[in-house]
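Should a chain be cited, it is by its letter among A, B, C and D, assigned in written order, with residues numbered from 1 in that chain.
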Amino acid sequence: MINFRNDYSDIAHPAILEKLMTLKDEKNIGYGLDQHVIKAKSLIQNHFSSEVDVHLMGGGTITNKTVISHLLRPYEAIISADTGHIFVHETGAIEQTGHKIIAVKTESGKLTPALIDQVIKGHTDEHMVKPKMVYISNSTETGFIYSKTELMQLYKYTQANHLYLFVDGARLGVALTSKDNDLTLDFIRECSDCFYIGGTKNGALLGEALIIKDKTLSENFRYSVKQNGGLLAKGFLVGIQLECLFTDNLFFDIGYQANHASNLLKEKLVNAGIDFTPTPTNQQFIKLDNRVVDLLSQSYLFEIWTDYGDTKMIRLVTTYQTTEAEINQFISDLTNAI
Amino acid sequence: MINFRNDYSDIAHPAILEKLMTLKDEKNIGYGLDQHVIKAKSLIQNHFSSEVDVHLMGGGTITNKTVISHLLRPYEAIISADTGHIFVHETGAIEQTGHKIIAVKTESGKLTPALIDQVIKGHTDEHMVKPKMVYISNSTETGFIYSKTELMQLYKYTQANHLYLFVDGARLGVALTSKDNDLTLDFIRECSDCFYIGGTKNGALLGEALIIKDKTLSENFRYSVKQNGGLLAKGFLVGIQLECLFTDNLFFDIGYQANHASNLLKEKLVNAGIDFTPTPTNQQFIKLDNRVVDLLSQSYLFEIWTDYGDTKMIRLVTTYQTTEAEINQFISDLTNAI
Amino acid sequence: MINFRNDYSDIAHPAILEKLMTLKDEKNIGYGLDQHVIKAKSLIQNHFSSEVDVHLMGGGTITNKTVISHLLRPYEAIISADTGHIFVHETGAIEQTGHKIIAVKTESGKLTPALIDQVIKGHTDEHMVKPKMVYISNSTETGFIYSKTELMQLYKYTQANHLYLFVDGARLGVALTSKDNDLTLDFIRECSDCFYIGGTKNGALLGEALIIKDKTLSENFRYSVKQNGGLLAKGFLVGIQLECLFTDNLFFDIGYQANHASNLLKEKLVNAGIDFTPTPTNQQFIKLDNRVVDLLSQSYLFEIWTDYGDTKMIRLVTTYQTTEAEINQFISDLTNAI
Amino acid sequence: MINFRNDYSDIAHPAILEKLMTLKDEKNIGYGLDQHVIKAKSLIQNHFSSEVDVHLMGGGTITNKTVISHLLRPYEAIISADTGHIFVHETGAIEQTGHKIIAVKTESGKLTPALIDQVIKGHTDEHMVKPKMVYISNSTETGFIYSKTELMQLYKYTQANHLYLFVDGARLGVALTSKDNDLTLDFIRECSDCFYIGGTKNGALLGEALIIKDKTLSENFRYSVKQNGGLLAKGFLVGIQLECLFTDNLFFDIGYQANHASNLLKEKLVNAGIDFTPTPTNQQFIKLDNRVVDLLSQSYLFEIWTDYGDTKMIRLVTTYQTTEAEINQFISDLTNAI
């Protein structure tokens, strides 16, 4: 079976596994206070033109829960696209911390100042929650990315309206290495209040690096991490991995390779006459007859994104492990099936 | 520096790291539905005389939060020793889920039916929380263990009083391999409603196996795991480790070795004339003059447990990595210092 | 100023205030265990053909919080119209208890089995919340009511799908006394799991009577009431009022009078040539030019429901206190203004 | 039956009921924005030498929940006497908002800087909750009061340690009118961050006035009130009552009369040779043989405070309604019984 199912099917990038092996006799202090964590933070800090607060976290949902519950007062709410991961796919993890998510219909899963403004104008008094944070994902859950101009406009709007801007970067690796991308880590820092650099979907066993711009926001943040169950006893485990990912450009290489495979796939899908809306990152969505989907599913792993009855939208995810041969095989089988 | 600080300073047992390396080209389905998780559950199930529900979890605090919030109604409370990890050292993680912990003073961190009964008798109406769960740790936070008789009596009491009995097994490895132990995994299953087998402090990178006896209690449990941030994308990571720990008795060997080192340490401390209350597992607590503590802390890592002013109680933790040479060195330096 | 603002501007119906005065030397046991509460429950029970559990509550938001948090597991969610009071106007009170509200676009604020079914079909696994309760309001927030057939179909659907059906009856008084109504208290009991009879908007100082059909659902309910801050020390205060409202048909008379005034208002609005969608209860919504709204607001109290820029939708609420003279005056001023 | 059970057995002081009757034709705007609330706040403000923020609330538990959840970050905790109402008798209402209460053993239910300091010294890092608020009751749950010196010392300590000091004044009426009292409302304002003036146990139907000293603490407070279910639709109901209580000294008269009766009772208990620890307010606790308790309970209402087996501690509460004749009768029956 050839894998187009997702970007977290590998145990970890070989470089990470090898690094862990070389350190097998090491002993480190617990809870993220060790030298690897310090080194990883320093390597990440090097990407920024001013000092930030970096926290190494053990997973996306925990990171979202911790950031949101740490920053918001009980009656404050989050604005998210209605495709946002926190709104759809975290089993009410945010509501469990007491906060309402105000969902907004969007194109491509991307929020705009105009969309947010409608929410703000509709929340006027204490009988309604008080919107206080804007949550966006880059890349979005459907593979699209924000441009410099878009992010800057969002940040201007949130600043002017006393809102936090939080960027979920579970797939920031592919976003920043997309051909269409003009963002940098430093620009995201400048134009957001906090964001995270996702490791789990970009070669790590687990682990994400959360960046908080303003240290007044992160005061006592480790208390929140611990309360939310995110303070790993063996915090050095995340430290070692991020140290590895931010050495020799590995983090970006992994994203670049996933996008490179996706670009190949897109090109060949177009050549094969498939009508679809290509995305700039490692997820492509194509609509096929059920018969074709059934045939392909005998040799390929992928997710059914939407079921339309006679046809289905399927999702094809590429990773740093996807080979040109796998793509060629898929296109060939797809063409034959059609 | 020689490590007596804790039992989670190693990256992982070499067997686990090697196993990960051998699997580096494997791709697995996410969220704990993979073959490794299935295999690990089956290996664990082999220890039980009747079928249980096993959930592989990513950490102790998350496990405690998930179990407690899953089983209790909002107004129900947990009874714990006042030394219990959930009461002292989880930054209100349980209260964050809305539940009160009723703390009880104990000897050795161990609850008894008589102690619990006082709490039950004192909670009589709807103006007070309703105690519904008893939480115990084995080994306790201070190194002691429950016997068969003690556990059976606790379970009889909780059954008779419609309480759940939940055993935190973060250090179950050393508990079950202590010379004084007469419990088995199967006996704990029989005499509790749920318990977990801790991996993090027994050689794993991270990961614990939660055992729920009655499947009606674990209905929809994966929803609770996800909501609490405990559903790892790469769930196979915990699966592989527990598969490894429950192959060739590794889990028990690791605990046995830690206890063996501790037994050596105890014997030599006694011979050295140190007056202390030995524990049956891998944590020993000795009281020393500040001057001695300061001297030792130049060559040894350990935690200050209690500060009495002129003297301090220090904690010495042994692990599967502790060598006889390290212990001899410590005893020698301690004797010289005194 | 003539009041069309809302139905909770009066202190209380005179019969209630007089009743309180006559009891001024009485002493009662606290927390709702007194004779008045018992009597009120018995008077309410008389409306039902089988035994129910009645709880007297001190307000709508508290009632909603208590019912929802009592019945649902942490990962379970509520389905509501996107105009539902709990979704829009309770400042995240439900989310504060940890539960997500899944909002659905509707006609007239009314849910249907088809609308609910779309939600159920879209929530399929543990990565999403589990819908477990359907929340409807009768009358709805915009004045419409459910028929016997509609309620029965909803209940059949919820029963078949293991969902609770909860009816917010903050304005049940006007719903049940509408000319278009064919429901009875007993039919609502039969076709729902719980509902409440609103006192605050129907002549009481404060107070609602919650009806829970199945006693297994209300086990330990008073614990939840207390935890949510809803157990009034002077519970007899609500008892006395509901005793009063359910004596000599007062509860229904108050609703009837409010509707009667609304019917008059509707008729005269139609005669005056106003184009609007009449509702069957005590709230009417009409769209007027800003100039007319400004003029009317000098002599009448009402709420701006929606601001369309040049025009505004205003809400006109009638109560048992509204007189025909007030309506005539309003129609006259409205006609002149136009 | 003669009532010594509690101070919330009356419907309300006659002056309040009469006031409500005189206003029966009035219509007021909802949610506490009416003229009565404004007037009540102004009357209360007159007691203070600098401007405060006053919020009229509908009950003690709701007030405690709202204040605590509004002021604290998720990981912050409250220090309370282990007899504190929030710790014992609110069914986990505070924990429901996510916060741990750290309980301290005390004399007379009163906290001291030394007792608090032990807690602060024991909470040193992010593995434990962060104490942030000190909660005291005046009078305490067992009838004792704080002096100027004691309150000032507490406030100095909390200020120096960045803690909030919150005074639960459910029984502030009897505290401030005790013969032993030297506090004033203005002094409590000066030496606390917030406190409330309890109406429910001092003649009101329901209602308390919360005083927040620093307006930065009460920013968006009405959002928290609404979310916690404490924003009464008919907020004017509390407004009218507090207006009434703070006119012609009624609030203090009611407290004074309750204490006056208690003083009589104490004196006569002493004369009757009863050995007990008198309190300075309206609750007295005496220990009697079970036989005597049984006899008295045929003619008197009171609560069993503690059951010692052969003897019981009973609580005798006096109110503004208690008469000298009732006290004489009780003493006579008590003497005969013994």
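Here are a few things to note about the model shown:
By our rule, a residue touches a chain if its C-beta (ideal position, glycine included) is under 8 Å from a C-beta of that chain, and two chains touch if they have at least 3 such contacts.
Source: prediction; values computed, not measured.
Touch-path distance (fewest steps) from subunit A to subunit C is 1.
Chain centre most remote from that of subunit B: C (centre = mean of CA atoms).
Centre-to-centre spacing of subunit A and subunit B amounts to 33 Å, using the average Cα coordinate of each chain. As a whole-number value, the distance joining the C-alpha centres of subunit A and subunit D reads 51 Å.
Among the residues of subunit A, those touching two or more other chains are numbered 74-75, 90-92, 96-98, 126-127, 129, 223, 226-227, 231. The touching residues of subunit C, when paired with subunit A in their complex, are 74-75, 77, 88-92, 95-101, 126-129. Contact residues on subunit C toward subunit B in their complex (touch as defined above): 31, 69-70, 73-75, 97-98, 126-127, 129-130, 220, 222-227, 231.
Chain contact summary for the complex, subunit B toward subunit A: residues 3, 5-6, 8-12, 14, 17-18, 20-21, 23-24, 26-30, 58-62, 65, 90-93, 96-97, 200-201, 205-206, 223, 226-234, 236-237, 240, 301, 321.
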